[in-house]
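In the two complexes below, chain A is the common chain; its partner is chain B in one and chain C in the other.
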Partner chain A sequence: MAKLDLHHIQKQFGSTRVLQDISLSVSDGAFIVLLGPSGCGKSTLLRIIAGLDVQTAGSVLIDGKPIDHVAPRDRDMAMVFQQYALYPHLTVRENLAFGLTMRKEPATVIQTRIKEAVDLLEIHPLLDRLPKELSGGQRQRVAMGRAIVRKPKLFLFDEPLSNLDARLRGTMRIELQKLHKRLGITMVYVTHDQIEAMTLGETIVIMDHGNILQVGSSEEIYRQPNTPFVAGFIGHPPMNLLEGNVTTDQQTCYFHTGNLRITLPIHSCPPTLTSAVLGIRPEDIHLTSSETPEITISGTVECIENLGADLFMYVLAQEQRIVLRTAPGQHKQPGEAITIHVPRNRLHLFIDGQRIERNQTP
Partner chain B sequence: MTRNSQESTTGWMMTIPALAVVGTFSLYPALDSFLLSLHRIYLGLPTIGQPYIGLQNYTMLMQDPVAQQAFLVTFGFVLLSTTLEVLLGLSIALVIHETFSGRGWVRAAILIPWAIPTVVASQMWRFIFNDQYGLANLLLFGDQVSNYVPWLASPTWAFLAIVAADVWKTASFAGLLILAGLQVIPDELYDAARLDGATAWQRFRHITLPLIKPALLIALLFRTIDAFRVFDLVFVMTQGGPGDATQVIQFYGYKTLFTEGQMGYGASISIAVFLTLLLLSVLYVRTIGTTLFQREPA
Partner chain C sequence: MKKPFLECSLLHVGIILSVIISLVPFFWFIITSLKSQTAVEAIPPTWWPNGNLDAYRSALLDHQLLNYMMNSVIVAGSTTIIALLLAIPAAYALARVRMKGKSLILGGLLSMSMFPQIVIAGPVWEILKHIGGLNTHWGLVLPYLTLTLPLAIWILATFFKELPRELEDAARVDGCTLWQTMSKVMAPLAAPGIFTAAILTFIYAWNEFFFALLILTDPEQQTLPVGIALFQGEFTMPWGELAAASVLATLPLVLVVLLFQRGIISGLSAGAIKG
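Showing the complex of A and B:
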């Protein structure tokens, strides 16, 4: 059990800066997910925490103490790798025992720990097999087991589910949550999969280009994305981001794109023609008018995608494509004219790449 | 003609050139050597003809003390040089597997000895071990000429000298084979082992070594077979001397055949070498093919 702090971590590979200035605090027993597209620096950050890579500047602290000069083997962390990294020449039992054997733990301790992990993960029948005789899901469990037997202070996961098929990934997500509840160990989990992040993380850290863009619960990140990037990264289908300008007319502030003009509920308007982005979640778009104050946009249906439970309709409006989510049966056919309705309180506005709250001064 | 037989005819046609080469240059000479070994032939005594004598050459070979000594020297040479080559090759492989600036140059430099023709290299080593102007003496004793050692005139030193030359020349080849084995080990395994608490030595002992075992065995196989056929080093450096100290079996066979003109007996020596190597190869391939690969990654 441990509290993890990152102080102004920077990392450069040659002249490429992969981590700009990362500060983050992870409380004891938390499950934190680093989420971002590939190349955003999340895996590098994880490797720096583990000590496998060394940061160019900044400090990693465990329970308030810097561990920058502590070797990986002495950091008391366990990591589950994307490719599992099971030792191919050792049986499952030997793989599980490896860390403890290397640390010269007594045989009885090793036996007990292995039994605990094996019971927890239900991998008893696999003990005498070699990794190559296991399926992907089984390898994943063994890799997890190898981390569990160590009883580390900190669990690190580097995209551990990305090599599994969709169904198995779903099962493993649930098991990981259960595991975290049972062990209560601080976990740092790296993924590029927003569904994994939303379902697993108590706290989600969104990263892009070596920066942290937003830290929050999945609810916060979904409801109040900080930047257009976060807004577009979370949610499926992604949030519609309409690009336009701010215009002023007689003290009223508008968002302007094509023929579309929307009154902005903000106190003081930025200078005219400041570029702005208006975000609308596909699920916030309705096909019928409602009581709440709303905006309406008309366009034509471009195409539809029917997924059974959901139906995505792509609408061309004001030279922009807007996707909306509805139930099958309510949809129109491609080519038909359509009017869509969005409650005003569901609009997301970004000016200069930053979220503007309603009635907030930009 | 059916399509199948047409395909098989084409197949045979395309194989014939290769078969012809193997037949002419490998199969026929081997068979002819075997036939020669069943006859008594002295090049210097054409009058006795070439009588068929069955396996008499082989019984003679079994009782020939010079041949026994030559086999012994050869086995000693194989054992010592192969061991050193694989060990040195492993060190070379470990070094050039690391990333450091100038690695490309180091890799190229290490392969130079292997690229030099053996006869040229042997000549160089003969100069190095020369008792009067050799580099070995100069480096060890400088101008203390009275201490100079006649390396190639001492049975032990001469033997060690050809071992040294062989190790220098071929360790890099063993290294190259082992390097190939090292390069397929995923980095993640080392990361996992570092977090698992393994020290550098433990990572080598418990990860690297077991995983390069197949490569080590292949290096061993190649080097054993190659070392067993050692000839040019001995021919250039020592001519088998002093005495019979460096007379390896191939050199003895050469002398019997070409210096003494005993074509039949010489051929039986060649066949003995051939059979020994065949046996060794089968043993190695069996070992590599079955038990040792069982626990390797697929």
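Showing the complex of A and C:
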């Protein structure tokens, strides 16, 4: 149980800066997910927390105390790795006991801890096997077990599910959530998978190019993305991001790109022509008009993807491709003319890479 | 797919030729060791041994072969053990620890193993004379270490480099010091490399003749190759005894290699980190 603070962490490998200036606070018992594309620095940040890499500048604090000069083995953290990193020459039981033996815990404590973890993860039949005799999912459980027996202050996960098949990943996600509820230990989880992040994280930290772009709950990040990057990174299919300009015309604010002109619900617009990005979530686009104030765009159906539960429709409107997500059962054909409707309060506007709220003056 | 006949038979010829070329001398001295004194000297030579074990009896009893063998076990055994104890940490450091001049050290080690022995013979003898190492086993182990360490370190460093880094990270987070990471996790996984280095070092020290002849002049201390070479006959060269002694000298080597080979194979098939 611990509170984790990162103060202005910077990391440079040679002349490449992989972490710019990271500050973050993780409260005791939280489940925090670092999410970003590969190369965004999330794994490096995790390794710095673990002490496996040393930051160029800044400080890592546990319960308010800096631990920058504490060796990884004395930080009392447990880490689950992407490739599981089970010791191939040791049986499952020995793998589970390893960290405790190294810490010179008494044999009885080791026995009880292993028993608890084994019961929790239901890996009893595997105890005397070697890692090479386990399937991917079983190895993942053992790797998890090796972290659990330690009862550490902090759990660190480095993309632990990325080597599992989709179905197993779903199961493990649920188990991880249960595990966190049950153990109540602070967890930091690194992933590039937005579904993992959205389902697991109480708090999601979106990273790109060594910067934190947004910190928030999955709801906040989905509803109010800070930047076009966050907007496009979360959600499937990704948010439609139309690049164009905003301008004022007779007290009304317009966004236009090419021949497409959309009235914006912003009270006051930038006085001059300003480049901007307009975001529309595919699921916020409707094929029929509703009673809420909305915008309408007309175009033609380009193609249709039916996924069973969902239907993705690609619409060309004035040379802009817009994807929308709707329920199957739409009998539109490619090439057919279509009018789409978007509630005004569901439009996202970004100017200079920053989100503009509806009643905010840019 | 069926291979063309010519290609296939060429392969077989190649195999048979290399087996013959490498095994004929061994075959010859095994036959010789089983002949009686007269059969050894018969002209034309007889091809079939008469199963006479006199040469073995004589080699073991009259020429104190067991004494030489014990000396060889001590020298080759301690060379191997000490070389590994030094080479494992050195190789681990060279493979994994970030430090300056690493490639210089590795290059230096490699070039050292290329020097002809005769270059260091004089200095080694002088040094050993000063520190009282002549005619002692440790006096022979020292130059053996000089000559075997570079190769052992190179072999081990290669193995350490190939082990996944995640395992090291896991060990460090799990509470290992650098030394424990090496001894408890990395070294057991580099077992095939350790076996290979052990075999090569042992074979070298067991067969080495030149330094053994130079440093050990006292018959009580001499190792097998020197001892056998200096077998004295009263009137004739004792070919039968020489052959018998050579067979006996080779046996432990074959045993050691077979023993370690099993280790190498099981080590190689155990690796897999991820399925």
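The definition used in the following text is that the second predicted complex is superposed on the first by the 357 of 362 C-alpha atoms of A that agree within 3 Å, B and C clash if a C-alpha of one lies under 4 Å from a C-alpha of the other, contacts with A are read in each partner's own complex, and residues count from 1 in each chain.
Keep this in mind: a contact is a pair of C-beta atoms (placed from the backbone, for glycine too) under 8 Å apart; a residue touches a chain by one contact, two chains touch by 3 or more.
As the structure is a prediction and not an experimental result, all values here were calculated from the model.
**Q** Return first, second, both or neither, reflecting whether A:355 touches chain B, chain C, both chains, or no partner chain.
**A** The answer is neither, since A:355 touches no partner chain.
**Q** Tell me which partner A:42 touches in the superposition: chain B (first), chain C (second), both or neither.
**A** neither
**Q** Using the superposition on chain A described above, determine whether A:281 touches chain B (first), chain C (second), both, or neither.
**A** Neither partner.
**Q** After lining up the shared chain so the two structures overlap, which partner does A:163 touch, if you call chain B first and chain C second: first, second, both or neither?
**A** In the superposed model, A:163 contacts chain C only, not chain B.
**Q** In this superposition, which partner touches a larger number of chain A residues, chain B or chain C?
**A** Of chain B and chain C, the partner in contact with more residues of chain A is C.
**Q** Touch check for A:136: first (chain B), second (chain C), both, or neither?
**A** After superposing on A, A:136 lies in contact with chain C but is clear of chain B.
**Q** Between chain B and chain C, whom does A:153 touch in the aligned arrangement: first, second, both, or neither?
**A** Neither chain B nor chain C is touched by A:153.
**Q** Under the contact definition given at the top, report the residues of chain A touching chain B in one complex and chain C in the other.
**A** 47, 50-52, 71-73, 75, 77-79, 81-83, 85, 87-89, 98-99, 102-103, 130-132, 146, 150
**Q** In the complex, go through chain A and note every residue touching chain C.
**A** Within the complex, chain A touches chain C at residues 47, 50-52, 71-73, 75, 77-79, 81-89, 98-99, 102-103, 130-132, 134-136, 139, 146, 150, 156, 163.
**Q** Would you pull the chain A residues touching chain B in the complex into a rising list?
**A** That would be residues 47, 50-52, 71-75, 77-79, 81-83, 85, 87-89, 98-99, 102-103, 130-132, 146, 150 of chain A.
**Q** Which residues, counting only chain C, touch chain A once they are in their complex?
**A** Residues of chain C touching chain A: 164, 166-167, 169-177, 180, 184-185, 188-189, 191, 270-275.
**Q** Using the touch definition from the top, list the residues of chain B that touch chain A in their complex.
**A** 186, 188-189, 191-199, 202, 206-207, 210-211, 295-298
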